[in-house]
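Note that the chains take the letters A, B, C and D in the order they are written out, and that residue 1 is the start of every chain.
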Amino acid sequence: METFIVEKDNPELKDSILIEGLPGVGLVGKIAVDYLISELKAKKFADLYSPYMPHQALIKGKSELELIKNEFYYYKGKKDMIFLAGEAQAVDIFGHYEIASKVLDYVEKYDVKSIFTLGGFATKEAGDRVFGAVTDPEMVKEYDNLGITFMKDGSIVGAAGLLLGIGKLRGIKGTCLLGECPGYLVSPKAAKAVLKVVTEIFGIRISFKKLDERVKKTEEFLKNIKRLEGTEEEKIKEDYIG
Amino acid sequence: METFIVEKDNPELKDSILIEGLPGVGLVGKIAVDYLISELKAKKFADLYSPYMPHQALIKGKSELELIKNEFYYYKGKKDMIFLAGEAQAVDIFGHYEIASKVLDYVEKYDVKSIFTLGGFATKEAGDRVFGAVTDPEMVKEYDNLGITFMKDGSIVGAAGLLLGIGKLRGIKGTCLLGECPGYLVSPKAAKAVLKVVTEIFGIRISFKKLDERVKKTEEFLKNIKRLEGTEEEKIKEDYIG
Amino acid sequence: METFIVEKDNPELKDSILIEGLPGVGLVGKIAVDYLISELKAKKFADLYSPYMPHQALIKGKSELELIKNEFYYYKGKKDMIFLAGEAQAVDIFGHYEIASKVLDYVEKYDVKSIFTLGGFATKEAGDRVFGAVTDPEMVKEYDNLGITFMKDGSIVGAAGLLLGIGKLRGIKGTCLLGECPGYLVSPKAAKAVLKVVTEIFGIRISFKKLDERVKKTEEFLKNIKRLEGTEEEKIKEDYIG
Amino acid sequence: METFIVEKDNPELKDSILIEGLPGVGLVGKIAVDYLISELKAKKFADLYSPYMPHQALIKGKSELELIKNEFYYYKGKKDMIFLAGEAQAVDIFGHYEIASKVLDYVEKYDVKSIFTLGGFATKEAGDRVFGAVTDPEMVKEYDNLGITFMKDGSIVGAAGLLLGIGKLRGIKGTCLLGECPGYLVSPKAAKAVLKVVTEIFGIRISFKKLDERVKKTEEFLKNIKRLEGTEEEKIKEDYIG
């Protein structure tokens, strides 16, 4: 079996932008792109299936089974945009290359001129920076005043790295934006930080209300955990001291 | 080497049903389908071999060696049926997709309109429920009054999931039926629960006598183990207390 | 890169026998076939290379590098024979199938009608039995009076199993002969037991002198180890008791 | 996706030598070849990308992303030379064979008659020997008086072994040169030892100044670590004794 794409629509897109947000560190990229799709009411136009994804059918809604997949959405605004979203990345290295190159083969049909890959970047301090890297050093200037911390070394692993790396070889410009996060937690806050930059770049206006609620919930959840841990710690101290 | 199928017969089947029962959780699917094949005296018509199955030849009967394989049986009753049985599933993820798509390529020749995949579902309580999921939410109604617990989330891994997921993309309806079981044990009881539903759906009448005997044996085996454990526990208590 | 064969000679063989002895349990098959090749002065006629073998070049003799490989030898006696020898088996399951089917494609050119795969079978008692399995139960009778213990279940893993299993699907008869051994040791004794059966079947007369020497050396090596262990044990006892 | 090569130049090379130095034991081969490229001002003429390399884009210089790759450089001196350098070797065994054979397909266009693969060889004594192996025992004589310790057994794993092993099957002479090193450390000293032999063989004169500085830094780094360990040990002794 080969990786294959099932088209549901054939939108007219010109000079378009691909924005990828698949599951990864802190689910940052996935949260960001899923949120953009929802807020912009982007339309699904294709599904990608691959023998390099987990061998699973997922159950949704009223007990409905569906093969695990990646999805293409489009949005026609100031700029034509394609969003790559989905439930999984490839399960092995060869599959990562295979899927990334199939994605690029496909979106080139839609005149993609620039790719943005979104994700998370785990740091100890887990601050609120947005890290960036580009395929052409000239692009760093374009992103002046956006508060992006440009990385000087390291590597971008998985779809976020390969789409840009292979895309560059095909003459497509690429930008990677990674929201700082603790890594071991789902991080809607980092997704918001990344979205702030993305919407600024493209002059898109969306409401962050629902995302803010999710950020709040995550923070309350964390506080509760810490409070519990605190109580636990105190209890332990009493046990040992008292 | 490619996955390949050796045909031994070319039955005339119309509007047929594929029922899969390969080794998996609690061997539930395998026990169920092997039992159906045996009780319905279904006829073997093809073998599938694959480089994605374990690299083994199995020894049977009078020291006879045979390459490990999957098997296709057919049964012409109220409904034409194809059973997919066998000794193994694929050993890796790519192989799972490869074999599932080869199986579908093959059975489409036999006008398969609906697929049932049978298996086990491990729960802590290890009750006697039959869990279900379908490729089309409309189908849930069809299975009313059968006591199926329809799942709302989660995923179906392996052949049971992929045959339905890929089949759906080819326009074939799919139903997954999983018998509740403890998971770490071969569970003929769960296989019987699944078979009760399957035979009800298709209006098939089979004797459950042999399966009941197997259920009984498994339960006696378990009781003996628990009794031994009990004695052991008592002995240990005596050792420590006495 | 594909698995490929480099031919060095093109012998005329009729109604021939393939005898495989690649590295496996106790190196039994390899020792047996390498010994037959040496005693019968069989001639090399082809090498097989594969990307499914270890990614190594081996250093031999005067510091000479060579890609790891499998080798085909032939011997024209009462029966035309092909020996499959070599330094490695495939490193993964797909590779096992790939190499076995390439080997069969190749030897079919040389009119192979029967395959013997030789190996070791690890048992606790590590006796001197030769275990056997065949692709056609009728063959069991042919091997009467040879003292073979025919297996009733279990499986043959790797080249020894796949050559027979795939060969059977191509209409080639197959016999597996496994010398009993402890498993964790190189076992020339088990190789001799297997060779006794093989030479008996084909009416071949070879000297076992060199193999007997190797058996003796292995046994002395083992005795020395046990003696050392004994001394060690006694010493330990003295340390604790004295 | 297949392994592919992007050509940037098409140099005229005759009777040329391929010298490989990819990451491996002690980074010896990589340091040696990168140094040669730099000192000889060799010119880049092609990049190789492969789905069998790590699935990463690397960030360099001004935050510039690039797909991980191998690189071909050439140098026209007394002998035409091609250098194979890069950031990674294949991630799996099949990939090792695949990339090695693609490299050979490519360099054969440039009339490669001889291949040198450079690397490290970890020993306990971590002396300053250069170990060697050749594809043709006659070549050992050619390297007389160079102080190479020719290996009599063992194997060369990875690109260093496969390029020579597969190259030999294509009629290309091959030499492996491995600098002795501790294995767990980056070893510029071993790289220098290997380069001394290589430059001697080809009558190349380069300055070793920068490499000597790197050797010195590594040695100072090691001394500091040992001093710290010493202090630590003394401190510990004081803690326990004093």
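Here is the rule we use: a contact is a pair of C-beta atoms (placed from the backbone, for glycine too) under 8 Å apart; a residue touches a chain by one contact, two chains touch by 3 or more.
None of these values were measured; they are calculated from a predicted model.
Trainee: Which chain's C-alpha centroid is most distant from that of chain C?
Mentor: Checked the centroid distances; the maximum from chain C is A.
Trainee: On a C-alpha centroid basis, what's the spacing between chain A and chain B, in Å?
Mentor: Their C-alpha centroids are separated by 38 Å.
Trainee: Centroid of chain B to centroid of chain D, CA atoms only: how many Å?
Mentor: Centres of chain B and chain D (C-alpha means) sit 53 Å apart.
Trainee: When you draw the chains as points and link the ones that touch, which shape shows up: line, ring, star, complete, or other?
Mentor: Shape of the chain contacts: a ring, since each chain touches exactly two and the loop closes.
Trainee: Chain C touches which residues of chain B in the complex?
Mentor: So the residues of chain B in touch with chain C come to 1, 6, 49-68, 91-92, 95.
Trainee: Over in the complex, which chain A residues touch chain D? Could you list them?
Mentor: Residues 90, 93-94, 96-98, 100-101, 132-137, 140, 150-158, 161-162, 164-166, 168-169, 174, 176 of chain A touch chain D in their complex.
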